[in-house]
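Please read through the structure below; I'll follow up with questions.
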Amino acid sequence: MIPWEELEPLRLGSLKFDPAWLPQLGRGLLTTLEITALCIALGAVLGLTLAVLRVYGRGPLYWLSSLYVQFFRGTPLLVQLFMVYYGLPSWGIVLSPFASSVLALGLNTAAYQAEYFRGAIQAIPQGQMLAARALGMSRWLAVRSIILPQALRLVIPPWSNELILMLKYSSIVYFVTLMDLMGTAKRIAASNFRNVEVFLLVALIYLGLVVAISALLRRLERRVRVPGLGGGAEAEAHH
Amino acid sequence: MDVEGLLILVKSLPALLQATLVNLGLLLGLISLGFVVGVPIALLQVYGPAPLRGLALAWEGFFRGVPALVLLILFAYLPPKLGWGLEPFTAAVLALGCRSSAYQSQIFRGAIQAIPQGQMLAARALGMSRWLAVRSIILPQALRLAIPGWSNEFSSVIKDTTLASAIGVVEVFKRASFIYQRYYELAMPAYLTVALIFLILTYGGNWLLGRLERRLAVPGFQLRGADARTQAQAQAQAQARASTPAEVAR
Amino acid sequence: MSDVVLRVEDLHKRYGREEVLRGVSFTVRRGEVKVILGPSGTGKSTLLRCITRLTEPDRGRVWLEDVEVTGRGVDLNRVRASIGFVFQDFNLFTHLTALDNVRIGLLKVKKLPKDRATRIAMEQLERVGLAHKAAAYPAELSGGQQQRVAIARALAMQPKLMLFDEPTSALDPELTGEVLDVMTQLARDGMTMVVVSHEVGFARAAADELIFMEGGRIVEQGPPEALFTRPQHPRTAQFLKKITALYEGGGALKDER
């Protein structure tokens, strides 16, 4: 273990960075990553459902899913978070700050992910569905076994962005007293008034995360690429 | 919610609407700043000499990689430390404006790169300087191509103006929080009202920008060139996606 | 000599390991029309671009009248404003009408007042037979019309020299005629022209001299009839035979690049 508390502070001009902040920020970072992962997962499941409903659904199923997407894309995430954390209790639903955060962020990203999925599904040529139906597949089977496996590959680039975006937007959960990276930084800064130093450090941590995750996702994208599907000229056989 | 609650809400509506003006003010400030900074950043990225190009890319990377809230706090606390006191409103415009400049530069860069090389070549062949060619040939075309992406950015950042409440700007979200702090049971209706206001702003703004787009459209891009135009846009979008993917703000 | 408009001396250009131009020299006198032919990839387009330094040559010198284009401190924009350049793919400015395309150089480069620029631009559009299309945007014009507007755009600058880089090779066969007609008329009017083209008919009718290029060098040059009837170099003979068969046989050979 590194004795962070005993290390000398780093001084840059009048700025002073204290290594003792790091273990605390590290714990905050874990919360940030947890929330991001959970809300993205929730958003993926819900978003995919919404997308399928918007493409193949009829009647109320279609317009309810459309309404959902329009509402969550048309209103600020902060307002959505407060509706969940402060609003729902007046309807008798009380959730912890953590659960509220995951729910609000998840509901929000679901609407955006739904649009990416929908775009990808609609980008699959009609002939794919026709050929599947001609083989005797039911509509639903064709969606599951032919359309979605293609669409999911197409959706990786926008989906990667969404993940990075949610990582950054997860910082708003400190509004509901959650000690994520942002909340921890707020608390440290409140105790020593070193807002500038703490938040410069936090900015660098977020930046590093964004760069690292982007690089990882690009590798993932290359790994699942199929020749001839998306990816353009770079698409190559990969065995 | 009972009748009394409804009355309180109705009474606070004027205050909410007035606070919405603060959001619109923020929006105007940040989108203008983002435009004024974003266009040169995009130009430097495409045409600038190596060191400036690197700087422009670093600017974009930083302001896209750091969460809006962190930027807001940095802009609220850093300038006073350097002896430059800032109003929260100004700090918010600067923070969100710089952030928007990064996203806008990405939109404009994609559009500039979608203009065929021959346009620059023909302009230079006529005796135009590089800068004159950029101004009178490349930019007028690129700005038109950028409108859809730009509209997107517009309706995204309006929602982000609520984040300014984090550094003490009393905008509509903060104002709604005042209501619920006094009347706990009004939280849901108060925030729903704010949500409604934003729905109107977002979709209303989109509609207005759609009209602007149609008005600015060059007949050539639309008529026989309908294909060319969608191609160019698709190309712009593809390039924007390929180099630095378009993101949507909340 | 005072009536030499263009002098090119020992131009060299390489892209990476590929030597595109390996010492090209020629002169063009006032009113002369030179047509450059040769297989694709032999540096004809690069040669034209190097003349106005749209592509920077590695070595060699170029004079336009008594100004050395390749000299230090030369005002390149002024030089380019006095050399008309017509591209293979027209490159009309997409966001401008035909009139504005022809006018923009006069307004922004020559800084003429608007009414004069408009008058000159309309005259030039008239000259290429497109005055009635002044308000049309490029996308509303056929390829042949676009190329004629591009020629008008270049002519409006009152150039001392016109360079044509395969002006008809991006056009459908039925549209090449209208462009070649304009060019032939220009040649008759005494315009000094350097044309990269495989249009045998045009070369025979309008060229004072043909230049056959291959592998980045000039292989042979001379009057069209001489070159067509008794070429000195076997490569010239071979090539001219091939394109004559293709073009005069009605087949449309497009320079694939």
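First chain written, first letter: the chains are A, B and C, and each begins at residue 1.
In this section, contacts are C-beta pairs under 8 Å (C-beta built on N, C-alpha and C of every residue); 3 or more make two chains touch, one makes a residue touch a chain.
Just so it is clear, the structure is predicted and the values come from calculations on it, not from any experiment.
Colleague: Are the chains arranged, by touching, as a line, ring, star, complete graph, or other?
Modeller: line
Colleague: Which one of the chains is closest to the middle, using the mean of its C-alpha atoms?
Modeller: Looking at where each chain's C-alpha mean falls, the closest to the middle is B.
Colleague: Return the distance between the CA-based centres of subunit A and subunit B, expressed in whole Å.
Modeller: 21
Colleague: Can you give the whole-Å distance between the Cα centres of subunit B and subunit C?
Modeller: 45
Colleague: When the centre of a chain is set as the mean of its C-alpha atoms, what distance in Å lies between subunit A and subunit C?
Modeller: Subunit A and subunit C have C-alpha centres separated by 56 Å.
Colleague: Would you please write down the residue numbers of subunit C that are in contact with two or more other chains?
Modeller: Residues of subunit C never touch two or more of the other chains.
Colleague: If you look only at subunit B, which of its residues touch subunit C in the complex?
Modeller: Listed in rising order, the residues of subunit B that touch subunit C are 115-116, 118-119, 121-129, 132, 136-137, 140-141, 144, 218-221, 223-225, 228.
Colleague: Mind listing the subunit B positions that touch subunit A in their complex?
Modeller: Where subunit B meets subunit A, its residues are 61-62, 64-71, 73-74, 76-78, 81, 159-160, 162-163, 165-166, 173, 176-177, 180, 184-188, 191-192, 194-195, 198-199, 202-203, 238, 241, 245-250.
Colleague: In the complex of these two chains, what residues of subunit C are touching subunit B?
Modeller: Touching subunit B: residues 52, 54, 77-83, 85, 87, 89-95, 97, 104-105, 108-109, 136-140, 150, 153-154, 157 of subunit C.
Colleague: Provide the residue numbers of subunit A that touch subunit B in the complex, in ascending order.
Modeller: Where subunit A meets subunit B, its residues are 14, 70-71, 73-80, 82-83, 86-91, 108, 112, 157-158, 160-161, 164-165, 168-169, 171-172, 174-175, 182, 185, 195-196, 199-200, 202-203, 206-207, 210-211, 232.
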